[in-house]
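Listed next: structures, encoded as structure tokens.
After this come two complexes, each holding subunit A, first together with subunit B and then together with subunit C.
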Partner chain A sequence: MMKCKKCGIKASVNMRHHKMALCKEHYLEWIPEQTERFIKKYEMFKREEKILVAVSGGKDSLSLWDILIRLGYQADGVYLGLGIDGGVEYSHESQKLTEQFAQQRNLKLHIVDVEKEYGQSIPMLAEKTHRGYGKPCSVCGLAKRHEMNRIARDLGYDVLATGHNLDDEAAVLFGNTLSWEGTYLQRQSPVLAESNGLARKVKPLCRFYERDMAAYAMLSGIEYIYEECPFSVGSTSIYYKEMLNQLENQRPGAKLTFYLRFLEAKNSGLFAQPIAVEFATHLCQKCGQPTSAPDLCSFCRMIEKVSLEN
Partner chain B sequence: MMKCKKCGIKASVNMRHHKMALCKEHYLEWIPEQTERFIKKYEMFKREEKILVAVSGGKDSLSLWDILIRLGYQADGVYLGLGIDGGVEYSHESQKLTEQFAQQRNLKLHIVDVEKEYGQSIPMLAEKTHRGYGKPCSVCGLAKRHEMNRIARDLGYDVLATGHNLDDEAAVLFGNTLSWEGTYLQRQSPVLAESNGLARKVKPLCRFYERDMAAYAMLSGIEYIYEECPFSVGSTSIYYKEMLNQLENQRPGAKLTFYLRFLEAKNSGLFAQPIAVEFATHLCQKCGQPTSAPDLCSFCRMIEKVSLEN
Partner chain C sequence: MVEWRLKEINLAVKLILRKQEFEVRPGMTLLSALKKCNILPESVLATREGEMIEEDEILKDGDIIKLVAVISGG
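Let's look at the complex of A and B:
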């Protein structure tokens, strides 16, 4: 029988990568403690700052919100209605679970519906723009970034927090490394500083394995949407996650080492300072967000194009 | 039927990663042409320089020697007798094939036997030093580097050429990337400049897939040792090669892209200049090779230690 490292009773979660097992009670203490440690270590935010958590209804973002509240931070949520409805009514179900989570805990939740706001759901935008070869993932990413930035700014939040876990971050890093995307490698970080009027972005869960977050959500009784987005099937990031899981199986801890050593190497100056390309010297004439284009940002250009065609 | 891109007859080799198939005749022209291109592109050596090829009896190093001779370079060979004899009498067989190759082509081959030179074979050194946890790979690498450097210097060669192919280089890069080994990442290159009296080191085959080199050796009738070193079974580098092969199967060309984009990124300044750590400020008191230790280099220290214990 695997025993809890802290109290010796039967363990609920065994983390091979940390060579540590914990019982339910101590696990539910340990995860927030660790999160607090990462928040401080990477200087993500201070207690007096207003945090906006991007919640999707999945285990990671709901757990993140739960943890930040437990830790006593001022964290509101924002849910983006994407209008994605596979066989499971994905968007509908995830919104319902997010609302229920907020109500039960008496938390403030902002809801933005992309279709109501712009007349087009994500699948509609994807189809009309032919971006992403039939998969709306690139349109969805663009819309999410744009809307999250907009809401954080309009509502005066200091920080935008997302639920990306280690598996997410390691997969992104793996992809950027396989193609040696210098700019992305130089930028990938648990914290992106505020710039050009966009809120600071932070990833407080970036050092937790996906399965550890699933255990946290389950043990703390959070009801979340189990299904992955129906469009994610066969995506490159899932393929990279599988490869990293192979490595992890072979050598427990490999995924964490890969990510942490990258952060350390970056910190100790492995990469040259990025050449100061002026990515975003203009402000979008429609939404006011920074952009490299002289008139409209990519999102507003997309919306305008689709609207004109209708 | 797959047709040769150059002449339209039935192709012998299909390279999915290059979207190109070639017949035997044109393949045996293409590989040396490409090698010449890489030699020039990476400024490996000039026609008047004296090249020493490190030959093991395997397909890569014998093919490299064959190609350099075809291209008209002055290339002699050096074979290092390691005393590794698994079920196939590995070292014995590979030496025989190397000697036969040189004799048939009337080439100059230097043979150095580690046991005759130092009283110990590689497996004996590995056992006595307890390096490498039962696998002599680290001892073998140390001995090879030391001896190749010594022979190139003593016999006045300008350049030491090794048969590392793309699969080898990509696997090393993959390992260094997974652990973000800054110094190794900054150093990995098709050419290592001469320094401290050590000959320049070059890898003219670094852009060829392993299977393309196997095809070259086979089609040009080179007899080489098929067996891998018996100690390589289960090595990390073989594991990395398998992972990269998975990626390659999914996306033909991925392995080459990974390696080439790395070289490009490095060239365009992705990495900061390595901090000028003075790795090798001393010369070994026994062999005269550069070392970071104040008295003996790692190899001479190992030999001395083992000799004292006898």
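Let's look at the complex of A and C:
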């Protein structure tokens, strides 16, 4: 029987990558303690700063919000209604769970509905712009980034926190390494400093395995959306995660080492700054966010194109 | 009649993952059961009667193990 490292009773969670098993009580203490350690280590934010947590209704973002509140930070939430149904009312369900989470804990939640704001849901935008027909993930990513930046800035938050876990980061790193995306590799980090009026971005969960985050959500009784986004089925990121888990299965700790060694290598100068920084040289004439284009950012350009066609 | 009784005594262990169901012999560990069903232990959490269980847990006759997929896209 596996025993809790701290108290010796039967363990609920075993983390082979840390050679450590913990009981429910000690696990629910350990995760926030570690989060606090990472927040300090990577200088993510201070107690007096206002944090906006991007919540999707999934296990990671709701757990992140829960942890930050437990740690005593000032954290509000923002939920972006994407209008994705996929036969399982995906967006509707995840919004309901997010609202319920906020209500039960008396937290402040901002809700932005893409369709109400721009006249089109994400699947509609994807179809009309022909950016990924039937696979709106790129439009969705663009809209999420744009809207999260906008809301954090308009409402005066210092920091935007997202629930990316280690498996998310390792999968992105793996993809970018396969094609040697120098610019993306250079930018992948637990903290992105604020620039051009955009809030600082942080990923406090970036060192926790996805399995460990699911265990945290489950053991702390957080009700999250278990249904997958219908569009993510068969996505490259899921494929990379599975591959990395095969590796992890044979070599416990391989995922964590892959990510941490990358951060170390980057800090010691393995990836030089690109010679010409092409992005963020202009400000979008419509929304004011940084862009490489001289007039409109790609999000505003997409919205304009769609409204012209109507 | 006898056959029917034998079947009932010889219950198996059932593992449920989303809409899939698997059956394994009782007496093996959760880790062996996952291996038999071709499920990576890194990609699931297992619960029995609402309690989370770990890899070395011995599965017993009639156990129903609910597996929670932990990998999501994004």
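Simple rule for what comes next: the second predicted complex is superposed on the first by the 307 of 310 C-alpha atoms of A that agree within 3 Å, B and C clash if a C-alpha of one lies under 4 Å from a C-alpha of the other, contacts with A are read in each partner's own complex, and residues count from 1 in each chain.
Here, a residue touches a chain if its C-beta (ideal position, glycine included) is under 8 Å from a C-beta of that chain, and two chains touch if they have at least 3 such contacts.
These numbers were taken from a predicted model, which means no experiment stands behind them.
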Partner chain(s) touched by A:Gln100 [first = subunit B, second = subunit C, both, neither]: neither
Partner chain in contact with A:Gln246 - subunit B first, subunit C second, else both or neither: both
Which of subunit B and subunit C A:Thr177 touches, first, second, both or neither: first
Touched partner set for A:Ser235, first subunit B, second subunit C, both or neither: second
Partner chain(s) touched by A:Arg211 [first = subunit B, second = subunit C, both, neither]: second
Subunit A residues touched - subunit C or subunit B, whichever exceeds: C
Subunit B versus subunit C as contact partner of A:Gln285, first or second or both or neither: neither
Partner chain in contact with A:Phe262 - subunit B first, subunit C second, else both or neither: first
Touching partner for A:Ser12 - first (subunit B), second (subunit C), both, neither: second
Common interface positions of subunit A, toward subunit B and toward subunit C: 246
Of subunit B, residues touching subunit A in the complex: 177-180, 182, 185-186, 239, 243, 246-247, 250, 254, 257-258, 261-262, 264-265, 268-273, 275
Partner subunit A, residues of subunit C touching it in the complex: 40-45, 47, 51-52, 54-56, 68-74
Of subunit A, residues touching subunit C in the complex: 1-2, 11-14, 21, 24, 58-60, 167-168, 209-211, 213-215, 218-219, 226, 228-229, 231-233, 235, 237-238, 241-242, 245-246, 248-249
